[in-house]
Amino acid sequence: MNQKVMQKRKWQSTLFLLIIIAVTYLSAVITNFNFVDGLAAFPAAIGWIISNLLITQESLERLPTILEKLNETVFMSIAATTTAAVISIFLGLMGSKTTSLNGILSVVARFIAAVSRNIPVVAWALILLLSFGQNSVTGYLALFVGTVGFLTRAFIESIDEASQSSVEALTATGATYFHIVNKAVIPQCLPQMISWILFMIETNIRSATLVGILTGTGIGYTFDMYYKSMNYNAVALVTFSIVIAVIIIELISNYIRKVIL
Amino acid sequence: MVERVCTFFWAYSSFYKWKGEAIMSLLQVVGLGKSYDTETKVLENVNFDIEAGEFVSIIGPSGAGKSTLLRCINRMVTISEGNVLFDGANVGTLGKKQLRRLRTNIGMVFQHYNLVPRLTVIENVLHGRFGYKTTLQGVLGRFTEQEKKRAFYLLQKLGIEEHAYKRCDQLSGGQQQRVGIARALIQDPKLVLCDEPIASLDPNASKVIMDHLKSITSELGITCMVNLHQVEVAQQYSDRIIGLNQGKVVFDGSNHQLTDDRINRIYGTQTRELITV
Amino acid sequence: METITKPTYMKRKKDGSISLKSGSKSERVMRWTIILFILLTIVGFLFFDYTGLHLTTAITETAYNLKVMFLEPALNHFSWGEALYQIGITLGLAVLSTVLGAVIALFLSLMAATNLSKEWISKIVRIIVAFIRAVPTVLWVLIFAIAAGLGSEAAVLGMLFHSIAYLVKAFSEAFEEVDKGILEALRATGSNWWHVVMHGVLPSTFTYLLSWTFLRFEINFSVAVAMGAAAGAGGIGFELFMASGFYFDLSEVGFITYAILLIAIILEVLSTRLKKRYFPASVRH
């Protein structure tokens, strides 16, 4: 009996592995991916990075402009995340089973969230670019929409998880919906929510770079410009400034998380 | 046999009803039925009256409908059939505002305490006052000094005053349950419903909690209905015991009327042995 | 009114009223974080570059565009077969970077897990991973594209980097949660490191690793779309870029968006199922 189970397991694992290998092979064929080339490209690429992506005196002179653009991008990400968070709190309250006012609203909230997060930010950026033009607002809106979708789902989970029992208790004391949300649900979920917001700010700074390349704004545009003009020293500097910005923000959020969670 | 016993209890409860007409009972449950879905009846034709100042235990096997019964009384679940009359009001037909008023008059204590874990003890106690606040007052979080003092007084009474500024999730189960009781008491309720208040506690903490609940009735004159799993505890503390089985009242009488035979009938013989061990 | 015999535990605010908050550090940090968010947001809006923005026309135009996209989707510049092929490419890029990433991450995370590795090795791996994560994927792809030429190799390598970083974090955390007892028991029998990993660590974390990998696959799909659009890595993302930026064909943009949405939702439903099954508590970031 036991042996049979073991054998079945072994079969399953082998089958699973074979499927993965087949899918991977298929993917390589369809994308024209050559494993040998890929493998060979890697050390070559690293070598190229080390020898070409150097920060030189000349590129350092561009630092003020780069930092200005970086600033723009960071602030855009933060603004997009926080404003999205405000909307998401409402959608989250509507979408969660414990705090939802009625079934239809709940479905609507979940639907909005699902659509906005599953259409990639690039698609939003391209769509908005057509009418908003090349400026921060386009990028802001693209990030905003995607963030609303993501945060709403996260908030719904936090609310569902954290508050069912206290909502019941407060309802039983005769508290109104607003009392319950304001004095039990939000205080209980706030740390989790802040943590998600911080996570989204980090993510959005990286996405903002991508969006910037498409919409011609912020640090993404700066990168693209130097990249296209093959000024690799400046490219290196841009990359490093992004890395430093992201790491600083990560450190700050880790600290905040550690204290509040 | 079962029918005979049932008739007996019927007679018994109508005796109570008759008595109830003389002085209006605090709570009258008349022909109460409840089903969550169309098929199964969780409660069926439940009848009893409870006088002000009584300490009543409700016992019965898991799934008998004890929690459902308590939740029908403050309408945390909708009532499917029959009537619940509390202090003269028909609970089933109350409007939104009246329902709020009803709930402020009925405190509730839960097995898992149902506190907001991240908030301080004192904040959790004061949550019991929301029933008396307008939305605006509650949202702003304004409590009067008198309310705060009373919260402290209750905490002191319950022996956890020194934890007033701790977060609730830093307290032991027994301490959290005392916060839950304080939250119910600050409502100035006429009735406190306790849904298995000691099911998650060790024997020592259980005793503390039961003693406090008992004193609510004996000192403050507040009526208590307590769902319990332990028959011994029910017998020790209550004036009156109601036995539920599969949604029906199969026993309703004083604690010394609860003989082993009747306990067996409430729980079914086999399960009873499991419980006492 | 009953009186309190020992009001010693009561805290009072500056104005003499009884305080309800404990005044803990976490409360303070939370309040400051929120204030900071608000301030930064306001400053952010001031910093914005508003060149060429006409808000009212932009909004009405966008509304019109969205209407055309979502209500009149159509394929004009390529066939259904072509569309499927492009989706295949995007999925293929996601598969390759996820599978290769998972294999590499498995080894690296064994080095990063504090209970399986030396402290200094673990630290080094973590620092490298943090650095990799901080560089946006699109920059990796573009940088590799210079070095290796623009092709699927560059795209996969670029996407691989982030997948590795993400999975190393997830995997090593899973390894660190393995019951100490299991490891000790195996070590006590004289097993070497490989034995411990093969017979103790991997079997007990396997389902976790798989679900995390699938979660990453879900992310990689949208990353692959993005790389197609922003780095010219091909696939449906590139078609999206062409349709919106080159042909200005809103119906086609709509069609492609629907296709992406459909696949993304299928993947999300699958990964939510996996999550529910294997992560009873909530998923950490």
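For this structure, a couple of remarks:
The first chain written gets the first letter, and so on, giving A, B and C; residue counts start at 1 in each chain.
In this text, contacts are C-beta pairs under 8 Å (C-beta built on N, C-alpha and C of every residue); 3 or more make two chains touch, one makes a residue touch a chain.
Keep in mind that this is a model prediction, so the values were computed, not measured.
If each chain is drawn as a node and touching chains are joined, the picture has every node linked to every other. Simply put, of A-C and A-B, more C-beta pairs touch at A-C. Distance between chain A and chain B, defined via averaged C-alpha coordinates, is recorded as 47 Å. Separating the CA-averaged centres of chain A and chain C is a span of 6 Å.
Across the assembly, chain B contributes 123, 141 as residues in contact with two or more other chains.
Under the contact definition stated at the top, the residues of chain A that touch 2 or more other chains are 190-191.
Residue positions of chain C touching 2 or more other chains: there are none.
Of all residues in chain C, only 25-26, 29-30, 33-34, 37-38, 40-41, 43-45, 47-53, 55, 57-59, 61-62, 65-66, 69, 85, 88-89, 91-93, 95-96, 99, 130-131, 133-139, 142-144, 146-149, 151-154, 156-157, 222, 225-226, 229-230, 234-235, 237, 240-241, 244-245, 248, 250, 253, 256-257, 260-261, 264-265, 268, 282, 285 touch chain A in the complex they form. On the side of chain A, the complex with chain B involves touching residues 163, 165-166, 168-176, 178-180, 182-184, 187-188, 190-191. On chain A, the positions that touch chain C within their shared complex are 20, 23-24, 26-28, 30-34, 37-38, 41-42, 44-45, 47-49, 53, 71-72, 75-76, 78-79, 82-83, 114-115, 118-123, 126-137, 140, 157-158, 161, 190-191, 194-197, 199, 206-207, 209-210, 213-214, 217, 220, 223, 227, 232, 235, 239, 242-244, 246-247, 250, 256, 259-260. By the touch criterion stated above, chain B contacts chain A in their complex at residues 74, 76, 99-104, 106-108, 110, 112-119, 123, 127-128, 130-133, 135, 138-139, 141, 180, 183-184, 187. The touching residues of chain C, when paired with chain B in their complex, are 1-7, 9-11, 17-22, 24.
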